[in-house]
């Protein structure tokens, strides 16, 4: 690293001379340290697949959730700093609940993503706090399936299919090659699992993947048996 | 960079010995890192053209909007840090809405530009926050077409035609050569597209340009087909 | 230590270039300086065993508690900075009490763990404060036995069996080898004591271990006689 | 620059060993970077002349105003940081409006200058903010014509004739040689234009000068035709 | 001292890489600079003995109190920074008074010790303040005699007998050798005085020791005659 | 300057090792950069004489006032940073007005001096602000003539005759030689003018001295004609 | 000075590694820069003697008071930073007045000393402010004569006789040799004056000493004639 970089990377309240925010870039590194999550828009709904590595057999399987139910119709997937992700997911839940109370109906994916992103943006402009070291994927059907990514800069983008966390660039490259519009949910699940597999060295087993599909009837969270079957269907085990 | 510069560029609360604000200048670099937007005043209204590069085919086309509808009659175009731009556009929307509620009619372009600019100026004088890394173009017809630029120092200027974001100096040089008073909107669109094209190396296709025309009847946002046709009309494809 | 690390470890409000939070890692060192505590989920309840070293014979035996009664049905075990642990235990007690007042029933283990973890996370994101130098194990039966760990980053994880404090890695390795699902409380106690013993050089006596079992009828805190007997039953004395 | 100076110039909350406030002096440099404005007291009223350079032919003529109407009877001219000037002019307008509401009549030039100056002084004493990088001339007839200067230290001074902004020292030297008491407004305008011309290399044209005369009937802002005629009358074109 | 230590000892809001809080350790040095105080639990009550050195014959004997009456039934002894000790003793008095008003009876020794300790802990976690440079011994009969120590980290521990202040390690070593359970108050006084004497070079006289015994009837503060007699009884003069 | 001094002169919240407050001493330098003011107690009242240098013939004579009417019966003279002086004079005026409203009569010289001095002292103890770079002389008849000096440390002293600002030490030396008790106001004026003249190189003229005499009937401000005559009477022109 | 000391002396919120507070020690140096004050307890009351040096014959004799009347029955003497002393004396006066209003009688010497000392202690623990650079002696008869010292650390001590300010160590050494219990006020005055004389090089005259005696009937402030006589009685002139 150049000493020049060190002069501008100690906080979020300064730009570097070339207009970069180093602390935001470092927060992206915190995201890259997390295990990956894949999201895919399909004709039926949004498919989320998480690589749920358990570092110890003593750790309960659902111990560190990476897939989150926001309000029964909206789901989020997170990568990076776990406690930061929990705070953002809580923020999204409270926002969705307040909007539902105010307007009598659930907010769409994009308004929720933007509300959380504005909260994240504030940590990138004022001093005295670090950015959130986490990225989110948000998905729902309102009424068409929508998948949004939220990154530590407060940027939101809508994707057909993408990944956050470790190896996300490699996974996205696989997705670019394999994704086609018009996929059904089961096809999208296979595309997601295979992309996740490409960026992975170890073998799969039922315990090490989490799957959720958000469609117009709600969030369908797979149990370990269905997760294992999905891996079989994707010809990965 | 000289060590002297480094002594004065760590925050907005100090001047350099020659009276410069380095953090504001670095924020301008953040703007220059964004893709360009062109605005042109015509006899009918204000034309906005954005270079909407999509870094991945998986990214939804309207994912990162650069053209924004403020209140149905005022439009904004942004360049630079995306999350910062969203905050300023939100600020402008709220201001326009509050003024409309208070006075029964929509505010003009200049009052909106000034209100946002005052908000931006505050981040350039007090410590503890960085400037906004974004520039805006604002346009509307009240009753004559007006195009304003807002830069990270909080400066607002009215232009006949200008550009913000990457290559904006080259684009503006082309505009100075090609702009004439009395252009109609369709002519202004061609002038804007050709100026954008001059600062560009890749070929155009329908997906990679966004167009909006603000006239006395509101904001006319082009779909991809009309965008492609505009490029054809400008003899760029 | 590299000088590079020193550039990023003076506070919680900055990430290192590789996305780490050094102050949180140093807080984990503060935990590792404490004496260890073991927790084991069994079919009957959660077993906690603490290594209660007394550095002086003049020190009263129950002087520095490592096992804490939160509300009669939830227990916590702590390792690390003693005064910090007391603050977190107080925080958990107040939260449990308030929830009970609000909803008429005691909260479960996971909500309490999450509430404390959110409080801990705040100290890892804002400047002006250090993280808590303490880790907690929380256990209860609601209605199944549950054991949660809370670390200085604000991460909570559910374990079948784990340890915090000094030698916790070695103890956990022993637990991974000896833990089986379906253990009864007395078996779990033996597993916990033997794991604690493996990471220990001195001989045991009745005064130097604390035991508590949380089951559906409440918290059963062992007196020194029963502690001594447990060590005998585990064939450690 | 000496390293000694650098030790005392990072904020407004410290004096240098010789009792200077470097940040205030740097703010004066920000003023000197702006284009000049001249003010002249005459028997009829106060004449303001601004050098309104437009760096681009695409920039609208009245884009960056340097002459400001405060309340119909008081005018201000600014030099230096444009956004800062807008804030101070707004401050003066609000003050004048509040005084008029409170006392039923408009405040005089001196009370307005002092109110703005007190606001400016605060930025030169407390930390956490930089001084305003702008100077103002304020003029009105209450009942005699009065011209006040406000500088970034918060100092106000009454002048017969003076200039702020770039080349202001040279312009003032010309004014000292040419100013006489008892000038009428048209004579004062010629004196002001010629002084401005002396510190200038380029030729004049109608678009590049702004003129306003404040007399007992209000503020008379010249259009470009009258500005051009004034330059002709002053034998400058 | 190593330069590494200097990197982490400028405030309470950071841990050192090995999880230490240097400012708390330095506060312990402030305690060690004070004259020692000894506390001993006996069957009748808690005995406090302070080494009341008077640096000048002009100084009034009771000038700097080291033994404090908290509420008639609880006593405290302090070592270290005198003004800090006075603040903590005041804090304890107010807490005891408020609890008595709220519940109609005096709080026990342990709740008072914990309340003060929580106040102390806050100074060890947040920036902007230093820790208290003082340690306290608190004693009372509620209904059994109890002796608590409070150190600058906010740690409280119950002791049978201990010392704080200068030479406290040596004094505690003597206490470990001489203390036996079941001592009566007069025996405890002798044990305390002899331990204090072991860490001392000068000869004793009546003016240079303070004694207080807290039993179920209140606080018995010895006058100088009884102090002198206690030294005689302990065969020290 | 020694590097040691630089270690302690960056703010008002620290003492140097020899118990000095460098920022206060630097503020005294700011006073010494101002033009001098002389005050003399006489049997009739207090005489103030200011050296009112006008750096430009275009500057209005009364532009930068150095003699201030506080409430019709109390006067102040200032030296040093002009905007700071205006703030302190405003503070004194408000205090005098509030006291008059509260008690029905004007406060004496000493209470006003003390109130302003307490305000000044606060800037010398807390961080985040610099001291006031100004000194004041305050004078009035309540019922005997009184002259007080207020310096940037917040010290107030009563003088028979003294000076503040540039050359004040030389002027005071002259006053010590020429001042006698029992002077009438006209004699005191001559003493003051001659002392001011001794520390001065240029010739006098009517425009360059300001005179005010505060006696039991109020403040008598001299016009330029009387000022010129006073210089003649003092045999200075 | 060692570089090690410089690492810990820039504020009150950190301890040095050996548990010292350097800023408090530097504040004691500020006290030592002041002229000395002596206090002596006698059978009748407390005697205060101040060395009232006047650096200029133009300075009014009572200009800088070192002896202060707190409420007619309590007196204070100060040494060190004059404006700081005025703030502490004001604080003591307000406290005494409030206590008198609340309880119908004046507070004793010790409660007043403690209240001021607590205020002083706060400046030695929190950042953002420096300690008070002043020491006080407080005296009164309630009902026996009492003399307390308050130093910049917030320590209060009761003395039979002591001194603060310059040469106070030498003066105290003289007092230790000459002070006897049972002195009457006139004898105490002589002891005080001779001790002050021992640490002094110049000759005495009536103008250069201030004397006050606080007894059960109030505060007896000596005029210059009685001060001169006291010096004669003490055989010093």
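The first chain written gets the first letter, and so on, giving A, B, C, D, E, F and G; residue counts start at 1 in each chain.
Keep in mind that, in the parts below, a contact is a pair of C-beta atoms (placed from the backbone, for glycine too) under 8 Å apart; a residue touches a chain by one contact, two chains touch by 3 or more.
Note that this is a predicted model, so its numbers are computed, not measured.
J.: When the CA atoms of subunit E are placed over those of subunit F, what is the turn angle between 0 and 180 degrees, to the nearest 5?
T.: Rounded to the nearest 5 degrees, it is 105.
J.: When the C-alpha atoms of subunit A and subunit E are each averaged to a single point, how far apart are the two points in Å?
T.: Chain centres of subunit A and subunit E, defined by C-alpha means, are spaced 55 Å apart.
J.: Taking each chain's centre as the mean position of its Cα atoms, how many Å separate subunit C from subunit D?
T.: The mean C-alpha positions of subunit C and subunit D differ by 68 Å.
J.: Show the residues in subunit D shared as contacts by 2 or more other chains, in ascending order.
T.: Only 127-128 qualify.
J.: From subunit A, moving on to its ring neighbour subunit B, which chains come in turn until the ring closes?
T.: Traced from subunit A through subunit B, the chains around the ring are A, B, D, F, G, E, C.
J.: Help me check something: in the complex, which residues belonging to subunit G touch subunit F?
T.: These residues of subunit G touch subunit F: 1, 5-6, 9-11, 22-23, 26-33, 56-60, 62-64, 80-84, 86-87, 90, 123, 127-133.
J.: Going by the contact rule set out above, which residues of subunit A touch subunit B in the complex?
T.: 4, 7-8, 12-21, 114, 117-118, 120-121, 124-128, 153-155, 157-162, 172, 175-176, 179
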